[in-house]
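You will see two complexes here that share subunit A, one where it goes with subunit B and one where it goes with subunit C.
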Partner chain A sequence: MTASVVPVSRDTSPSRDNTVEDPARRADLVLDGHDYASVTDAICGIAERKETPTAWKIAFLASGGLVTLLLLMIGYLVFTGLGVWGINRPVGWGFAIINFVFWVGIGHAGTLISAILFLFRQKWRTSINRFAEAMTIFAVMCAGIFPAIHVGRVWMLYWVFPLPNQMGMWPNFRSPLVWDVFAVGTYATVSLLFWYMGMIPDLASLRDRATTKVKRIAYGLFSLGWRGSHRHWHRYEVAYLLLAALATPLVLSVHSVVSFDFAVSQIPGWHTTIFPPYFVVGAIFSGFAMVLMLIIPARKWFSLESFVTARHLDNIARIILVTGSIVGFAYSIELFMAWYSGNAYERFAFLNRALGPYSWAYWSMVFCNVFVPQFLWSRRIRKNVKALFVIAILVNIGMWFERFVIVTTSLSRDFLPSSWGHYTPTWVDWLTFLGTFGLFFHLFLLFVRWLPMMAMAEVKAILPEPEPAPAARPEVPPVPAGCLGAVAEFADPETFRIACGRVREEGYRDFDAYSPFPVHGLDRAMGIRRSRLPLLVFGGGLSGAALGLALQWFTNAVDYPFIISGKPLFGLPAAIPVSFELTILFAAFGAFFGMLAANRLPRFWHPSFLSERFRRVTKDRFFVGIDAADPRFSAERTGPFLASLSPLSVEYLAEHPAEGR
Partner chain B sequence: MNDAPQAPPGPIFPRWFDRFVKLLGLLLAGGVVFAVFMLAYAGSPSTLNVGYQPDQPVAYSHRLHAGELGIDCRYCHDGVESSSHAAVPPTATCMNCHATVRTTSEKLAPVFSSHRTGLPIRWVRVHDLPDYAYFSHEAHVRRGVGCVSCHGRVDRMEVVYQHEPLSMGWCLDCHRDPAPWLRPPEAVTKMDWMPDGDARETGERIRRELGVDPSTDCSTCHR
Partner chain C sequence: MKATHVAIPDDEIRIGRGMVVPAIACAFVGVAALGAGVLIEGFPRFLAGYLASLAFWLSISLGALFFVLIQHLTRSGWSVTVRRIAENLAANVLPLAVLFVPVIVGLSDLYHWTHPGEDPLLREKSAWLDPAFFTARAGICFAVWVVLSRFFLANSARQDASGDVALTHRMQRFAPAAMILYALTVTMAAFDLLMSRDPHWFSTIFGVYYFSGGLVAFFAVLVIAVYLLQSSGRLTRSVTTEHYHDMGKQLFGYLVFWAYIAFSQYMLIWYANIPEETRWYLDRQHGSAAGIGLFLVLGQFALPFLALLPRRPKRTPALLAGIAAWILVGRFLDCFFIVSTEFGLAEVFCFFGIGGLFVAALLFRMSKTALLPARDPRLPEALSFENL
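Now for the complex of A and B:
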């Protein structure tokens, strides 16, 4: 949006097909003529339901049962030992690693949608990004369980972190398994920050609409006292953009590092350079399939068809088609390279995949991942919600088989036929896997019940602006005792924008503009200089990189020199993954905490909260507030001045007179 | 707005709440510092294990026997030079002297009773390494590591206690750089032995003579 937006009359035609490309106008991303208030009502309404739907309760109990099952299985494993799983020599990885890679892969769509689509200005992301980010976080949580319990002695798990200890030992930073800890840990942390940061304005919406004490306090605490100040929005947008820019390489790095767990070893079928891109694209493929699988029922149950439109599903389907085709291409390149390399072991590994004892898994994988997505070439199928749902499920099954094929076939038959074996998962393996689905859906149900399911503030920003209000001059109330400032309320961004400029021209400095979403074109009107947050983020990134390199050099080359597989004690290539992850992590901390600190948040009490009308600042109203601390402020003059800017109302802010100032 | 019940007027949080949150933040930061201190200091083996001094079934004084009377360590703890274990002596070793010395002492009653019945005295183990750590006394004592280096001045202990942390990091300190801790093998049991001149110089010489080259491989101790 620019400062001079021509108001567009909303298309309220009954046609809901926004998938048709019309070069003359942009396709609507929100249908049914929604405005700021109705978006807020629709999305908040889901979390505000008084009665918990029976279907939700049943699903919650069922998934809760599976979580119990998961805990029982983990307990049984920890108290009995890894022998309860099917793993043994030579297949030492089995279900734990298959499921880990499966879940981490699913977790890729969320941050991809939030970050990469944000950088590419794909506005359709706004109604699905919150949803996908939540999915990411829950999927990564499910993923994290598996390597943790796979180590056997769970209580020693903290050994993977570089903590000073009495043994004088440090983790081996030349091992991809340690890189994995850093990659997945950073990914989980940054995704959580990204998710939470995006949710702060929407939590404030819920706070301002909450009617019960518990909800007011809970949403109030988590929204950190957000009041839609434009000075805050300015830094918020800078921080959000930076986080997106940081998360983009992070998304690509995480599954690359996961693929290193395989590619850095020498096992035939694993030891290939194609693995990182092949894993990343597969992760995006499965992640988008999972998004589709969740969003199709959700949009129906919560009547979100006007936000998650046919065009959204169509876009997701296209991404699945593209990534699925790349995955298919990667499968064929793997076969080609096995033949072309002339390496007998490599050739055998792939022949064994396609024709050996696990060929049923291989061909299930090829069917689900390569053949099934090709249906998405058809426009009819992309518009058929049921078909999309079935394809999404099949893709997820196929991607699980992909990880099964990679882990099992290569390990069960490596170089030496005398050490070959066969892997069969046990009932504990299966029930643990099933249990993580319970955990995933359990958390997801909690999310859709209590949290804003869509990024309302972002959706509002892509709505067409309403017509500017006709000129008006509301009445100014009498000046109260202990006046802390004055606020004027506006109903549309354009009048609001002009008002902000006028307030500044009038010579006020201690004033602020408040809005439900970042209104563009205000920075200049308000005289806000560009935020210096990027410098802080750069500093954070640099210190992360320096810390990463210093940590690996000191621990592995100086304090605990230990030769492993003849590798040098410190080598830059092996030090890159961990340094990279720490760079991203610290820069993201800089963006998130820097944004909060510069905005002086959390701040739970603010004079504007004294106004009842101000509660709509997180819904559909725009406010200009002038602080009594401003040298030019005088209640007698400032009130009428604000009234002259065509607001809906003007109000003075004062605490109860008895409390005074 | 709709007809839903309205929230009470006024801000949700009182004005003092922000100061309270700041205080809470400070407390949290203090809590982190405290936790780090607890882990680094209170949880370390030099706090938890050093000074462990269990009651023994017999009021045996090392200060008297090893210190004043000057009995060599190996008189009781025999086998220390030829096996991985330093033996805890059987009652018979005590009786070598106490068959004639202080035969009526009240303190020695458990020893005499053990001698009569043949049931061993249940000494309480002071220096106990984890089961997964393989340690050989022979390997150390024959290469010039003095008893005192690990056990402290036992000749001055009325009741024996653990003097060193015996943690893995502490073992590794010496395995990586043994020179300052070496002495001529004939002086290993001498509690008050001091090198002539620089300990490192003496140690380096002994290291060359005995070919001391300790390994830090995992499998050296974890077999």
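Now for the complex of A and C:
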């Protein structure tokens, strides 16, 4: 028997329903026949609008009002004291912790989409990752507010950082609350790096299209002089992959550490070993619901239906269904184990959740998190945008209730009935929470107004490559005085690939290829050796781990030894979380700054920028440039040679071109 | 994407009759080892090793079943070239179901809860920890796994002959429900077979712990199986360096996942320090279990972690297979670590005993179908894939 295999082909049917897939062909992820230029125009067009839409202004003002409210509430809290909140004995953790966990959880979908789906080569992520990463950062900002104001005396907040202070004491590194500081801090930093790094090529697109000087300088500064060089792309891709590989365990660790806040204790309903993975899954669940909540209106308002297609929504809905089912499964394992443990307090805690004074919250949680997502089994519901929107809102409500149930029921009724209490949030609690939504949407509106909302370079990379068009041999302009080099412009990646190989075969070494997105198959043609960035990242991680261990050992076991809750001064299990976070942080710094350093970026001037045509390198054109410094370069020979590679045009680079344009 | 046109000759994707002798030899070794184990160690002592061994080999099949399910659930393309091996490994739950019978026979020796005596906790739990109910649950679990694994193997094998795309759709449609059954049964089995060895102890994460270890073991076996098949001249054109790289990445990833789960369980119990929970780890900090516990952290996790971190080992089949074999030893020791605290000859005999029979059954099963789902519609995608 012999099996013969046919080439992979793409689905070119005009149907807009790309949720059904013929297994032999991958469904299109970008609809309506977009090409490199139209993708750039569509996405940049949103940020380039001259007139700010009225709806945006209204939303911006409304969310700005809520931000003001948030600031007022925080001011009131700081000047009056924590008594304005509903917290009491025994419920010392009220809304502040609930909202903290809620917002951190929301952030998780962003990293899942940008990092984990990247590692699993889920190409559909390209049109939603930028969006979701922005959401992560804003959600983590909202989250960070709560523990900061919950400490009471906010001006003492620096005590959570390992800074020597006048009392000669250090943070207690055996406390999961200090782990939180490191976990959330690392998470915010690495997410920001990841988001920004992904955005550099797209900011360069905006720079090259800018019509005003202010925009040109602003986008120019932040795009660091990106010019789409293939040598840069190579390291960029390696660094991106490494960052994704670092962000994946990081995102798991963040909500695990948050779950440790509860699970390391002995409180019934809190101390259960499934908490870390179950918190992570719950976070992804709520995060994806928030992605849906934001992307459904956004794709309509900004006409993004050809990028965020029915298939994208379908995939998100499936992930919500899977994670929701896992969360439901974890609830049932907890219930079973409460019975199986034979522990009276554990059993009571769960009965109390379902039947006690907060049963309304418990059943809201079960309804929203376990029952509602089951509708997503239906293909028709997954295709119904309005239904998805409602389900997403309910899931977010349910996940908020989950944190409410965990925090409140366990604290309000633990071992001693005489010390039971009841927690009721005050109006300040509610308005502060509402205010963070204002902050979240306020930042989001700024993002969609001024920044590229989709990863254009990544979307271009998943578009089908255009067929090479036969080009006429272009005219070679006269050689200018002070010639710095020559560039040839190409319209499609395949001709460009062949041209790069030819340039190298011809003996040129000081040349580069420039493209709007990383074109694969060039490394070998150009003779690029694999980047050694991974070594730097490994070194960064190693030093982070060493620093973490040394810091905790020195501060808690040597400089300020203090026994807390019977823990050893330096116990390895308790030292792992902080060491882990610092490992990731330093490794991520290695990837990001290492990539920039190796690429010699920022570099705001380059001979290629002398060419007017070269501006399209961040849009839809591919360039091969040969530097005049190359020993084989001679303007008389190099220009005609480039023209023989079937480019669209050939140009010499000089400060003052001989022919005025 | 570049076009790929490969004609795969028959002897590439069949193991043929050449494997009959090795299969019989493995079966013989298996039976002999088990017999020697019972004779030398006595039935009660033998049983502990037997359970650990069974849990280990079972975890490989369960990991394989998960792999098959998740490939269909995610419409995966890269894995097609190695999926048949996973399907065969998963279908090996059938012989394991037969090998489970001695556990039922030795129930009263293996599980302390079978005679609760005056222990109030055990009396309270007797509604769940009851021999008949236990047997019924185990029966349900094995039945579910057998049905699921056979469904996917049979449909995939049928596609070899017909090339019918509808079969792919059928497997994809069935995968979600199968995954739910899988999650329920694997969790239940982990609680029953392993956690209830210490009937006072409980840990909600335990099902995930057993599951994650099984995934690691499965990927290790997959790498070794592909490597051995290629060494004997099979699958050489379909499984490329890229697939090794991917398998290596998954092996690495799930190893880290296992460590994450193991750390979560250990750290939470260590930190809260509640006597009824901590005792389980305390028991394992003396005698041979103490050394094995350390080995699990350093030898089974840290060392392979460092070895698999760089790109090259994942793309060097012989090296990757060596690392996988090393990890596999650690996986067995982990199963032993859960089941009992004194390592002895019984464990060694049972490892080879059940292992011999497992491999024999696998070879027998693999000889019945092609080694590659040659007409899977996503095979071209799998063959043309390249890592960054």
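Brief remarks on what is shown
One rule holds in what follows: the second predicted complex is superposed on the first by the 640 of 661 C-alpha atoms of A that agree within 3 Å, B and C clash if a C-alpha of one lies under 4 Å from a C-alpha of the other, contacts with A are read in each partner's own complex, and residues count from 1 in each chain.
The working rule: a contact is a pair of C-beta atoms (placed from the backbone, for glycine too) under 8 Å apart; a residue touches a chain by one contact, two chains touch by 3 or more.
Quick caveat, the model's predicted, so the values are computed rather than measured.
When both complexes are superposed on subunit A, subunit B and subunit C sit side by side without a clash.
Once the two complexes are overlaid on the shared chain, A:Trp430 sits clear of subunit B and of subunit C alike.
Using the contact criterion defined above for the overlaid structures, shared-chain residue A:Leu252 touches subunit C, although it does not reach subunit B. Once the two complexes are overlaid on the shared chain, A:Trp301 sits clear of subunit B and of subunit C alike. In the superposition on chain A, contact is made by A:Phe562 with subunit B only, not with subunit C. When subunit A is checked against subunit B and against subunit C, the one touching more of its residues turns out to be C.
Shared-chain residue A:Gln166: touches subunit B; no touch with subunit C.
With both structures placed on the common chain, the touch criterion links A:Arg216 to subunit B but leaves subunit C unconnected. Subunit B and subunit C never share a C-alpha pair closer than 22 Å once the two structures are laid over each other.
Residues common to the contacts of subunit A with subunit B and with subunit C across the two structures: none.
Residues of subunit A touching subunit C in their complex: 1-8, 21-24, 26, 120-121, 237-238, 241, 249, 252, 256, 260, 263-266, 271-277, 325-326, 329-330, 333-334, 337, 340-343, 377, 520, 534, 538, 566-567, 571, 573-574, 576. Taken in their complex, subunit C has these residues touching subunit A: 1-10, 13, 74-75, 77-78, 121, 124-125, 128, 165, 168-169, 176, 180, 183-184, 187, 191, 200, 202-208, 256, 260-261, 263-274, 276, 309-311, 370, 372, 374-381, 383-384, 386, 388. Those residues of subunit A whose C-beta lies close enough to touch subunit B in the complex are 164-169, 207, 209-211, 216-217, 220, 225, 562, 602-606, 609-610, 612, 615, 655.
The residues of subunit B lying in touch with subunit A in their complex are 4-7, 9-15, 17-18, 21, 40, 44-45, 165, 167-170, 172-173, 216.
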